[in-house]
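Think of it as A, B, C and D in the order they're written, each chain with its own count starting at 1.
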């Protein structure tokens, strides 16, 4: 019934809250419930409940994604290396992340004797919560967005800049030279790569004139000649390349994984962590992997948009666009994993040189050229 | 601004010290100012053990020195004993020995490449290296029943003849390996990040390298055209056509490229050995137990006695092991046990150059340089 | 800028990506080679040197294996009416010198390599666990 | 020309005897003149010090240097005989850097002291180890237990009392 109605109806919502309200309305239970709360004079409670439901769905989705990503990472790496990867727990080892989680929960939670106990305990949470917060302004599909912030892009960059603080706290509180060095490296890397990241994202903003992620996606949903999608990757190839490299550095993936660099610094800033605290870092890392890939998709690969999407019945669009968004995001994630299999790690000074001496000038140049071309009306 | 030097303790339990080596690094930020090496965590007193065992009983212990490539250890010791006793070895045995030595050189370099790339952060190469190594280990298992600790080369020959089906399987391996080396080169040698990490890293001049006692592939990366197989030929190497692989750049990349070249060269030697393998007895299948209990060997070409007494004397015999010059100094006093065994292990002497090499570099460079020196801690600590 | 190679086109990385992709798609004789160990085992070659086995009929208990062992692993112990070797696998090198030394060809090494155990005592394999080709008791 | 003979011609007073060690030219020299001869040996092109072996012959110590020349592809063996009571010899560390560790190893295992060595410490065994294992009179009946101290240094005891659990 619901799907049939959505099939034929012409619906388009600003965010997921409205979608939920529409669905509840359609089933016919929104009004009665709302009336009950209204008679009690606490109509905001329903809104809070709906928001909580949204958050719960988002959390479940994020955690499931993270679990799937750990499995996928191991599987992709294994296949490249002529291995099977996890095969025992569940079909093709699909339940392996669950077992890993159980193992990590069961582990002894060690706090080193000379560590700063409070900060040591606090750091995993400080890194984990922003990793989830980034999901809020991500457009997962048409009208599938928690909140369409007017400053979505700025919010994303600002939130992702929190993680260096947590890394530094963790590295410092561990009272371990390796942790401190790893933290210092990670912070230096994060800070220096946020700049080209933001600069090349800014070139996109010049096109759209809006920081809202929804606006950015809808700006890319048009096509040339009816079939070539107007994605920003075609308008901004250099920007895309810079953004991709910078985002791989932001994720801390292998050519730039100085947060861990296990062969040099044992495990970088989480050398001393074990059990659930370690798991938090681990989960945050994969949450980062997903969210940063999603941002790449949103900015450059048209987000959930795809040619001929408008030919579909509009009721199906949220679902299909969600699928398209996932496929694109996983393509980026797959590329990151593929790259991880192929290349060794660069050295920390080479990384810094690459960031400051090549990427930032190129990003500025890209921004400048984009500005000129836009003013001249080329695009 | 007041700065302090940071003392970092790397190892003995560290992912990239290839075992239980310990670096005491005095750091200035990320720059290494001084590097002290502490070793001995794997010291098993092999030289002392050698004084307690008969000549034959010590052969299994040599397997445990450089456990990645145990055939050269076997062979170096056996060669010293044979020189001491003046034992003649049948030609087929020599060919089988060369076959195992070169096969083991490939295995060693595969492990070296894998661990080097793993240290640099590329996890794929070690799995690919181990995939091919597994095929070689299958050959070893077929040949002598063990995968890493062979105890195969004995004074006077080898333990058993080649099993049936060995040569076809070896040919298959050679053919397979050729394609796989192309894969490795495509994955690693041209990789810009790898080149960035390796070029001009760990540079030490050829003169210094010799002075610090570096030998083997590590030295040949410094433009020193030197290969004990060439300059002090042993076994059947004079009959075989091969070249010493030399690179002139003196850096980590040159040392890495020497390994790749050597694998190709070893395949070339293997092909010749397979073609030229003579008929005859390597040693007999006869049981050692029925041999004379004491006295010099009588009919070495068929078997070697369990207990035997070389004439008193001393010998220093060295071979070109995959890691460098492996020498055994054996002193006999005419009893059934050696009076003194001294092992000149290539890893130990190559490691001497590391502190000089890494001064002023960073920890990642230390790891890259250390990886190309290719040490095995069983060999360093003995 | 000496710190980056002149080859800034990154063609080498692209080549590497192609090779890894070939492996991912299993193109051109690049199959999965690992085996799922506890469920699937690799073939052991006939010469494999695993756990010892002693031919009860052939063994004369002479003790040559005992003296030829470099590590003092083998002891000759009494079993039923005769003397047989007892192997302490915990300190065995699996070098095979005892097999070579046996004058009666009674000792051999099997393909059994799964020898891990819970106690050190259970690693001492007495004649009751080593003997094969047993004499039928009358 | 045989390098051992050459050395004998240059230093007739300090070479005790010359001969062959299997096929390598061997010169036995007096321990007092080792440094001078070593300098000459280095000048003669023997740039590789392959091995230093110390041997305990119960009544004397022998220390054997195996040299090799990359330029001339020649071997040379120098042998120095030391008293058993006071095994001391000059260090070659200043000429061949590899001698640093080889001499430390010889000191560690055989107990020959090298005068002028900058850092003559034990290398393979922990610092407090009692005895030199490769001496023939080394008592193998004594167990020695090694544990890590507070600052990572090795602590050796013979009774095992410093072990956490026995």
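As a working rule, contacts are C-beta pairs under 8 Å (C-beta built on N, C-alpha and C of every residue); 3 or more make two chains touch, one makes a residue touch a chain.
The model shown is predicted, which means the values in this text are computed figures rather than measured ones.
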item	value
Result of counting contacting C-beta pairs for B-D and A-C, higher pair	B-D
Distance from the mean Cα position of chain B to that of chain A, given in whole angstrom	48
Centroid distance [mean C-alpha coordinates] between chain D and chain C, Å	39
Separation of chain B from chain D, taking each centre as the mean of its C-alpha atoms, in whole Å	24
For chain A, residues contacting two or more additional chains	80-83, 341-343, 349-350
Multi-chain contact residues (two or more partners), chain C	3-4, 13, 16, 19-20, 33
Which pairs of chains touch, using the document's own definition	A-B, A-C, B-C, B-D
Residue ranges of chain C in contact with chain A within the complex	1, 3-4, 13, 16-17, 19-21, 23-24, 30-34, 36
Of all residues in chain D, those that touch chain B in their complex	21-22, 24, 47-51, 53, 55-56, 64, 66, 70, 73, 77, 96-98, 100-102, 105, 109, 122-126, 133-134, 138, 152
Contacting residues of chain C [partner chain B, same complex]	3-5, 7-8, 10-13, 15-16, 18-20, 29, 33, 44-49, 64, 68-70, 93-97, 100-103, 105, 109
In the complex with chain A, residue positions of chain B that touch it	6, 8, 14-16, 30, 117-124, 127-128, 131, 187, 191, 193-194, 196-197, 362-365, 367
Contact set on chain B toward chain D in their complex	9, 39-40, 43, 45, 47-48, 51, 83-84, 207-208, 210-213, 215, 224, 226, 231-232, 313-318, 325, 327, 329, 331, 339-340, 342, 344, 348-349, 351-353, 356, 381-382
